[in-house]
Structures are given as C-alpha cells and as structure tokens.
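These notes open a run of structures that come right after.
Paired with chain B in one complex and with chain C in the other, chain A is shared by the two complexes that follow.
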Partner chain A sequence: MNIVNKVMSNKWIITLYTLPALLLIIVLIVVPLILSGYFGLMNWDGIGAMEFIGLDNYIVALQDTKFWQSAMHSFLLALFSALSLIAYLAVALILASKIKGANLFRKIYLIPMLLSSVAIAQLWIKVYNPSNGMLNSILMTLGVNNPPAWLADPNIVLYAIFVPIIWQYAGFYILIYYAALKNIPDSLIEAAKIDGATPLQIALKIKIPLIMNVFKVTIVLAIVGSLKYFDLIYVMTGGGPNGASEVMASYMYKLAFSSYDFGYGSAIGFLLLIITLIVTVIVRKVTATKEEIEY
Partner chain B sequence: MKLRKAVTLIGMLLIFTLLLAACNEEDGGESGSNETSSGDAKSVKFMHLWPEGSSAQHYKIVNEIIADFEAENDDITIDLEVLSNEQYKDKITVLSTSNELPDVGMTWAAGYMEPFVNGNMFASVDDVVESDLSDSFVEGTLDGFAIDDTTYGLPLELNISTVFYNKSIFEEHGLEEPETMEELNEIVKTLNDNGVNPIALGNRDAWTGSMWYMYLADRLGGDEDVLSEAINREKSFEDPVLIQAAEEVQSLIDADAFVQGFNGLADEEAKSMFMSEQAAMYLIATWDLPNFTTNEDVPQEFRDSVGYFQFPTVDGSGDVNNYVGGPGVGLFVAENSDVKEEAKAFASYFLQQWGEKAVTEVGVIPATKVDAESLDLPEMYVDVLNDLNAATNITLYADVQMSPSAAQVHLDMIQALFGGEVTPEDFAKTHEDTLSQE
Partner chain C sequence: MSRIGYSLLYICLGLVAVFQIFPILWLFMFSLKTNQEIFAGSPFALPLEPKWENYLKVFDGGIATYFWNSIWITVVATVLTILIASMATFAITRMKWKLSGLVLGLIMVGLMIPIHSALIPLYNMFLNVNLIDNPLSIVLTYITYNLPITVMILLGFYTTIPREIEEAAIIDGSSIHRLFFRIILPISAPIMSTTVIINMIYNWNEFVFVNTFISSEKYKTLTVGIQNFIGQYMTDWGAIGATLVISVLPIIIAFLFFSNKIMEGITASAVKG
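== the complex of A and B ==
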C-alpha cells in the first residue's frame, strides 16, 4: 500500500501514465476541433483552394433560419430524451425490486442497444411505411381510416423519429440505473421496511435520493447525446421532408458533403460544439448540489 | 457456479481470439497483394459503385473487363474497391479532400464534377477520346463531362426517363396510354376511384420528384428548354412557365396522383411498390430497364406486364420526343495518379469493352454507340433505343446541372413543393435567389 502511494504521488509517474491517453485525445479530438473551427473561417468546397473570409461563415450561420430550425429540433430531442429518463428510472426501479423474471426483462430491454443504428433505422422505416407498414396496418384494422404518413408529414416526422431514438437508448439507461440501484445496501431498505415504509415510499425517499448522482450524470449524457444526434435521422429521412426533421449534426453533414460547402459546414460543427458545451455547463450548474449523500 | 464462470470466460476468450485472427488474416491478405503489386506490375486503383448485391450484372461485367484487361497487360494489376452509390459519393468526397482519389473512378456529369475539376483533381481525357474513342460516343454525351472544352470524364451510360406502367392494371380498368395531361388526370381519377395507387414516387430522395417537375416545365415550355436556360442564367427562374409547372405539380398532388406518404419514401421503396403491383405507374430513367426486361430475379409475369409511355403533353403544348435524362456516371482519371498512363489505358479499354456488354448483359443503354440491329434484345429495349434515336432534346437532370449547393436547395424545394409547403411563386423565387447569388 505504501509503495503504491509513493508511486502514485510521484508527478513524473502520473504524467507518464496519463500521457498515452492524453496524446490520443489531443490528436483525435482536440486537434480536429481546432481545425474545424479554423476551416470555419474559410470559404472552401473541400477540394479546391481555401480562401480566408474571417467570421463570415459564423455570421451567416447565426442568421441562418435553417440552422436555428435544426437547432430547435435538436433541443426538442434533448428535452424528450431527458423526460424519458423518468420512464427508464421507473422501469429500473421495478426491475431492481426482485420481481420474477427481472433478469430476463433486463436482457430484453438491452436488445435495442445491441442493434446497430442503421439496422434500427431500417426496421423503423418498415414499421412506419405508410401503406405496408406494421403501424398503419394495425391502425387500419383498429378502424383508423386515414392513418398518417409518419415520415412524410412535416408536422409529425420529427416526433416519429424520436420514438425509435428513445427506444434505442432505453436499455442503456435502464442498465445504468439498475446497477446503481443494486448498489444500495439492503440494510437501508430492510430498516425502512421494518419502520413500515411502503414500496413507493422506499423508492421515492430512499432509492431515488441515493442514486441522484447517477441520475444527474445520465441527464447530462442524454442531453449532450441528443444535441449531437445524427444516425437514425440521417438514415430514416435525411433531414427531410424539406428540413422538417433536420438536426444540427445532419445539417452540418448536408452542408459539407452534399453542398460541398466544407467551410460553412465546419462553422456549423464548431457552433454545435459551443452550444453543446454551454448547455452542459448550464445543466451541471442547475443540477449541482452541495450535500453529498453517503451510505 | 465457479465452473460456469470459467467456461463463459474461456468461451469469450475464444471468440476474441477468433476475431483477432480474422483481422490478422485480412491484414495478411492485403499486404500480400501489395507485395505482388510493388514488384514488376503496376497497380491501378479503381473504385466503382455497382456492388454485387444491388447491381449483380454490372458487377459481373466489370470483373470480366478487369480480368480481360489484366490478361492482356501482364504488367498492370487493377486494385478494385466497390461501394454502393451514396457511400461512394461520401468516400470520394473524403478522399478528394485528402488528395487520395483512386487512379480511376466514377463521377457524375456537369455540376457534380465542377469542384473536382476546379480543384485540379481530374485529369483531362481529351487524348484518350481522340486516340482510342473518337466517334464512338453517342452525340452530346461527352458534353456533360466537358468543362471549358476539356473533357474530364468518359460517359458510360445514357439514360432517358419515361413513365413505366403496369399493363394488367391498365387493362383491368379499361385504361390506355395517355397522350395528354388531361388523359393522365383521368387515369389518376379512375384508379383512385377503384382504390388503386396511381403513381409510385419516392420523394425522400427528391431527384425523383424533380423529374416530374422537369417534365412539366419542359412540356409547358414548348420548343424552349426554359429550365436549363434558367439554370445557366439566360432566363429568370420566375419565368411564367416554371411557375406554371409548379402549379401543375400541386394539382397532381391535390388529385392524389402519388402514393401515400411519398415524401417519406425512398426511391427503392417506391420502386418496390410498383414492382409488387401496388401502384400503376412509375416515372424512372432507363437504368431500371433490366428490372422490367432481363432480370431473372423479377417474376416473369410482372416483367411481361410492364409497358412505358412518353411523358404526355401539357395543355396541348410540348414535344413528347423531349426527354429528361442524360449521361449517368462516367470514368475519371485522377490528376495526381502515379500511374496516369496505365490508368488512362485501363479507362480507354473499359470504354471499348463496355458498350456491347452493357447492352447485351446488363441491359442498360451505354453512352457509346452500339449496333443494336445485330444483337438479340428484348422488345422494350429496342423501343427505347428507337425513341432515343428520335429524341429532339434531352434535358440533363436539374440537380446535376446545378452546382452542388444550388442542387441541395432545389431538392429541398422540390420536397416542399410536393408537400404543399410552398406556393409555386415562392418555389420559383427561392430558386431565383439561389441561382442569382452564384
């Protein structure tokens, strides 16, 4: 133990051990970030020569209604993802309370996480198909005459895509909550039971407060993940129809790779980073508490 | 319990080792091929976009041509990479930004290849055309691949779009091929009354809807190609013809001419609706001819029941021998290729072999001239070739004519127009604003 302490307090050793990871992060994340900020200052089609145009791209982006529309969609997704955490928590609470078959259910909930995003997208494209899809077939047998064209109606498409996105991540968050709940010492719950607490009281007053820290982390994860979300939207609608399901990341992609406007696309990417950073800081501030519950 | 854990652990280890071994093998294979190529033989890197899964015939023929070429040229090996259409576009973009284009690859015409040419990425192939391929291209196909009188691409395909329809559905409801828009509207009405989807359209990709718009604009414009003139700035996009074409689109929408939810469907989904007889008509270019003629994977019964008609006239105006279409992909040779001569030799050989094989084995129309009479071809194929010979004008797809960023605006506006989100006036105005800014 002593030796370990000695080694770990040596600044050189600390540097040595953190260096590989640090280098990777600098090369793979920090440098590209700075580069994309720098490309954002250019008028560049990705192939030819670059032309320095100062902050023009950023100024244009701030006045670009399409960008703000896609940012709005990203924020809506963040909101829905954050709200859905409550549902995940409820499921985790039930699973953790030693019901029959909890183990099996836990695995079933995890399945969507094991599928690749593209597979999920293809699956849901089929589900949503307006004339042959599972969803509309069910609706029609239930007597709905004019079921919506889910991915074609600009008023619905965004929410129609939220469903598989939220479904996709359910297993991940349930797993995290489940692990956190399992960490709560049985003695606390036993004591509460002896004092006559109902299961609901135990959940609300003991379990949830005890895993609050985990919950806060997942809020940040969900919001940040939503703001930079891309996969399902790209495959299912490509941001369409006419931008109705565009989010910031898909808009950035479209500008760079379809319109060959790498300068402007980079600028959007950099703004996406800044927005995500600001939101993360705000969320951390809002959810910060001084007292730490320990058991 | 302990034992079970141990067994699981060993099992996991085994799987990982297998995975690693598999990865290693791949590496080994690649380095092996590199070794041979770094010997006497020169390796030409070639990328194409016809994967075995979705374009089996194309894929097979390309491999045949490569094998023949390698047999004739001992000192050259072709290093092949195949990607599907959209992935191919993405990869080419990325490769070009890092200056690592394959020696020979595929490009689309006009606006699409402009950034590459401006960035000095594509080599001029004028010498190839003059020495090996003079007089072998169909009139006008090379134009799309030329910028400032220099040719940068060797066109492989030539496509015109026509309305394909299901004869048995038409017969069942006593319908005939329409010659005017009024007749088409009648057909749409009859089919809707009988609960049949009139027209399959996958407008998530938007170039599909663009073809409908382009045809309407062409017919309304009469002898003039107003749309192309608007794109190359000889005319305003707010020309009455272009606004009226947008109005025609919306009246088709109001008449429920297209399948439900078309704005959310990909072209493949629309195609499968037409091919499973869930829709009576489908406007697509002739690259899909194999599906309606020779492709053995498609039921014979369906292939027999497909016919096509030229896009009808609108308000008594327009020439049915005008088509929306143009050359599809063409071959480019990379400017900074280390093996430029070999690459050009391969591209030239490919073009010489391609024409006849494309007709007889793939069933697409090549951009090189082919003596159709001497070949045994499906009837619909001969009809299309005859139509092509009689064509007065072929308008190149709007999204290919425009620069990439203007094309993106065009495609978005097409979706909005078909979705009823913009008025025809705003549709024209947005185009005009975008095009005049360039």
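== the complex of A and C ==
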C-alpha cells in the first residue's frame, strides 16, 4: 500500500490538477471582488487616472436615495420570492400525492426556467404591450375598458415584473420539492393512513416537517437569488420608468456602463456583495436546524 | 380521496400548467402571424396561414452568426469547465494533501457571490490585457463562474469511488494520469453528463458577460444579439416572435429528448447548494 500512498500524495500531480481551477477562481473571482472594494475608494471614470477619495463613495451611497430605493425593490422581490415558495410547496404536495400525469405536469412547469432571461423578458414585454399584448387583449375581451399600461406605470411596474420572475422559477422550486417529497418512504405515509390521518394532516404533520431542510435551502436560494437579480429587469424596463423598477444590480450596472462612474459603481457593487453576504448569514442562522430529522 | 376532491386538484394543477405554457404557445403562434392578425385577432387564434416568411426574414437579417457564436462558445466553455473541474475534484477528493479543504472552500466562494460585484474589475482587467471585445474573455468567465457548481455536483460522486479501484490500478503500474483519464473519467460519465447539461443551459442563456465585454456584432451570442434584432424590427411582431422562437428552440428540443436528465441536473445543482 505504500506505493499507493506515495503516488496519491505526489505534490507535483496535485499542483498540476488543481492549478487551472485555482488560478481561474483566484484571478477572475477572488481578486475582482477585492478590487471592487478598492476601486470603490476612487474617483474614476474607467479610462483616466484614479483619484483616491477615501470612503467618500461609500458615504455618498449611504445617503443616495436612488440606491436605497433600488435596495428596497431588491428586498421586496426577495420577500415576494420567499412567500411564493409556499405556493410552490402546495403545488408540489398535490403533484406528489400519487397524481396521474405528475411527471408531465412537472415537465411543463419547468419549461420557462430553461429559457434565457432575455427571451423571457422580450416575451413578457409583448405580453404586457398596452394595446396588442396578450394580457390586455384577454382583459378587454372580458370587458375591462381601460387596462393598465403595465410597464409604463410607476405604481405597478415592479409587481408586473415580479410575475415573469415567478413564472420563470416556479417550475424549478416545484421540481425540487417534488424530488424531496418522493424521497419520503411510503411506509411512513401508509402507517399514518392506517392510524386514520387525513391527507391534510399527513401533509402538515409528516411531509412538510420531513422536507424542512430542503425548504430552508430554497429560502436561502430564493432570497439571495433575488438580491442579485438583474437580467430580466434590465431587459424589460432598464429599471424605469424613472427608477420605479430599479434593483441594486441594475443600478450598479447603469452607474458603471451608462454613466461611466466606475468608482461609485464599484462602491455600489461592493455594497451589493456585503449586503448579500450579511443576508445569507442571517437567513442561514434563522433557518438553522437544531436537530437533524431522521427517517 | 373523493372524486370531486381529485378533480379540484387536477384543475389546480391544470391552471398552473396553462399559466406556465400559454405565453410560450402564444409566442409560437404570433411568430407565424402578420401584424394585422396579431393586432385584430384573438390571442387564442391559430395563424390563418403560417407566415414562414417571418423566419426567412430573421435568417436574412443574419441571426446565424449569433447562433453559431452561442454554439461554439457554449461547447468550448462546457468541455473545458468539466475537464478542469474534474481534475480539481479528483485531486481534492482522492489525493492526500493538507490544503485540500482550503482549496475546496476557495472554489466554493463562487457559489453565492453576486457577479455584479466583480463586473467592473473584470472589465478593467480584460481591458488591460486587450481581451475586451474578444470571445476569449467570455469563454474564460464562463469556465470560471461555472466551476463552483460543477465541482459541487461532481464532489458527491467522487467521494463514493471505492479506494480499491485506485489501488489496483497503481499496483498494476498505472500512472496517475492514466488512472484519471482512463478509469476515473469514464466511470464518472453519468454525473459528468449531468454537469454537461447544467453548463450548457447556463452558457446558452448567459447575458451579462457578453453584454458587457463584447461590442462587435460578429462575436455576439444569441442572448445579446436578439436584443439588436428586436430593436431593429420595432413593430414587426412576427419577426420578433420568430427571433425569440429561434433563440429558445434548441433548449426546448433538448428538453424534449433529455427531460429526465435535465430535471436531474437542475435538482442536483440546487439541493446541494
């Protein structure tokens, strides 16, 4: 066995096999994240010389109402996404209760998740088109006289955008819950049935507690995913009208690549990182399992 | 459960299915209609006679370049990601060294971070080495940003490979490269196919990196390219619909053939996170 140990701890081979991954991760993920904090200390247009201005950008950001407005929208999206998980769980519970055709339903639900956010955004721009879109055509057929201009109305644009986001991810979460529910041993459910438990009791008292760990993982995914959400909003509205649908990532993108304010944009990007990390830690703490459930 | 109860459940599931599928069906239908049909007719109506000209118009407009770029960038990035991730996972899980945990932790940093936080420095770095408006910047970022999820999916399988396989190979005089390329990679084929699917979907649909690093039409991929197309067609709904259908069709066709594998991959990418 000595020779095996010797071969399997060859330092050169270990270096050779891990170096490509390690180099890429360090150069293209770790270093840029650190640089983002550093660039945030600069007054810089991305082309000319950098001017060190200390924490000015970060102080400005903390008083920037546009930034806080976009942060509020991101958190609102996170809240919506987290709450919608309950609906997905309900659908998955129905699907997993020996429904014929469950597999087909689950596939249909998943299709939007496979499409690019750009295609989804363009499709929903058409769905929401005030005069010829699918939604308003249906509403007018139903006798609604003045259906709203969904994406142009600052009061509803944010909620109008939440709908395609939910549309995009519903199938993903239903799929995850369904897989977890299918892992519950049948014997447990049968035993409960023999004891006279109703389907609702079985769902609430047995199934949901048993997949709680998966549910907690999805809460983290939904909240963190929402905080960094970008593509669909950027394409659908560009954060408009007048910032009404701006989120943190789209605000940062606009500062950097439309206004060429790389210093301030970096500061916002770094704050986005810090906020995401803090929220991740908090959500993990809050949902931490005290005891592992065995079955 | 009672019959009525079951029917109600089916109605619920059916309504969700209609909500999920109808916008896509509507897209397919208006991609084959004229503007008059779309604007005057019901959104539920089938096209009177399918207007395939809409698709010809889009191909004449040059969508093929974007399509080809999406294909080669997706394939190259996916192959390299999986090779690099497999090598790293092999060294981390199968070989004996003190820092393996630390290296794994470093790779996993990439799982939770918002890419926007790295975007400006990345842009600046690529600008300094002349890789802005060069597809290499896209391939490199795709590989790097998909490494964490790929390693995570591979990890579970690699830890279950029996020690005996390695021992037998090495005692037989096999080199470690031979062990990795001839034995470990082939037996990991099923889990690799899961990572292939996840990587392909991510790369095909990626938007921010291309939108930020690429400015020439000849290097743009479909996600960014269709933005131009749609801007240029403005009010020609049929052409816009055809553009969107062309961009989503490969994924939908892949799903028809590999739906179980795709669902497995998506589940694996999420639950372990």
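Everything that follows uses one rule, which is that the second predicted complex is superposed on the first by the 270 of 295 C-alpha atoms of A that agree within 3 Å, B and C clash if a C-alpha of one lies under 4 Å from a C-alpha of the other, contacts with A are read in each partner's own complex, and residues count from 1 in each chain.
Criterion: a residue touches a chain if its C-beta (ideal position, glycine included) is under 8 Å from a C-beta of that chain, and two chains touch if they have at least 3 such contacts.
Predicted model only: the values in this text are computed from it and were never measured.
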Subject >> When chain B and chain C are modelled together on chain A, clash or fit >> reply: clash
Original post:
So, A:G240: does it touch chain B (first), chain C (second), both, or neither?
Top reply: first
Original post:
Can A:W150 be said to touch chain B (first), chain C (second), both, or neither?
Top reply: first
**OP:** Would you sort A:I278 into first (chain B), second (chain C), both or neither based on which partner it touches?
**Re:** neither
Original post:
Regarding the shared-chain residue A:I99, is it in contact with chain B (first), chain C (second), both, or neither?
Top reply: second
**OP:** Please indicate which partner A:F257 is in contact with in the superposed arrangement: first for chain B, second for chain C, both, or neither.
**Re:** both
Original post:
Looking at the overlay, does A:G46 come into contact with chain B only (first), chain C only (second), both, or neither?
Top reply: both
Original post:
Which partner does A:A191 contact after superposing on A: first (chain B), second (chain C), both, neither?
Top reply: neither
Subject >> Superposed model, chain A: greater residue contact from chain B or chain C >> reply: C
Subject >> Which of chain B and chain C A:S36 touches, first, second, both or neither >> reply: second
**OP:** Just name the clashing stretch of chain B against chain C, choosing from 92-100, 218-226 or 236-244.
**Re:** 92-100
Original post:
Once the two structures are fitted together, what part of chain A is touched by chain B and by chain C alike?
Top reply: 46, 131-132, 257, 262
Subject >> chain A to chain C touching residues, read off their complex >> reply: 1, 3-5, 7-11, 13-14, 17-18, 20-22, 24-33, 35-36, 39, 46, 91, 94-95, 97, 99, 105-119, 122-124, 126-127, 131-132, 134, 137-138, 141, 167, 170-172, 175-176, 179-180, 199, 214, 217-218, 220-221, 224, 227-228, 230-231, 235, 248-249, 252-253, 256-257, 262, 265-266, 269-270, 272-273, 276-277, 280
Original post:
Which residues, counting only chain A, touch chain B once they are in their complex?
Top reply: 45-49, 125, 128-132, 149-154, 157, 237-238, 240-243, 254, 257-262
Original post:
Which part of chain C faces chain A closely enough to touch in the complex?
Top reply: 1, 9-10, 12-13, 16-17, 19-24, 26-27, 30, 38-39, 42-43, 84-85, 87-88, 90-92, 94-97, 103, 106-107, 109-110, 112-125, 140-141, 143-145, 147-148, 151, 166-167, 170-171, 176, 180, 201, 204-208, 212, 222-224, 226-227, 230, 237, 240-241, 244, 247-248, 251-252, 255, 259, 262-263, 266-267, 270-271, 273
Original post:
How about chain B: which of its residues touch chain A in the complex?
Top reply: 89-90, 93, 96-97, 115-116, 118-121, 197, 203-204, 206, 259-266, 269, 273, 278, 404-405, 407-408, 412-413, 415-416, 418-419, 421
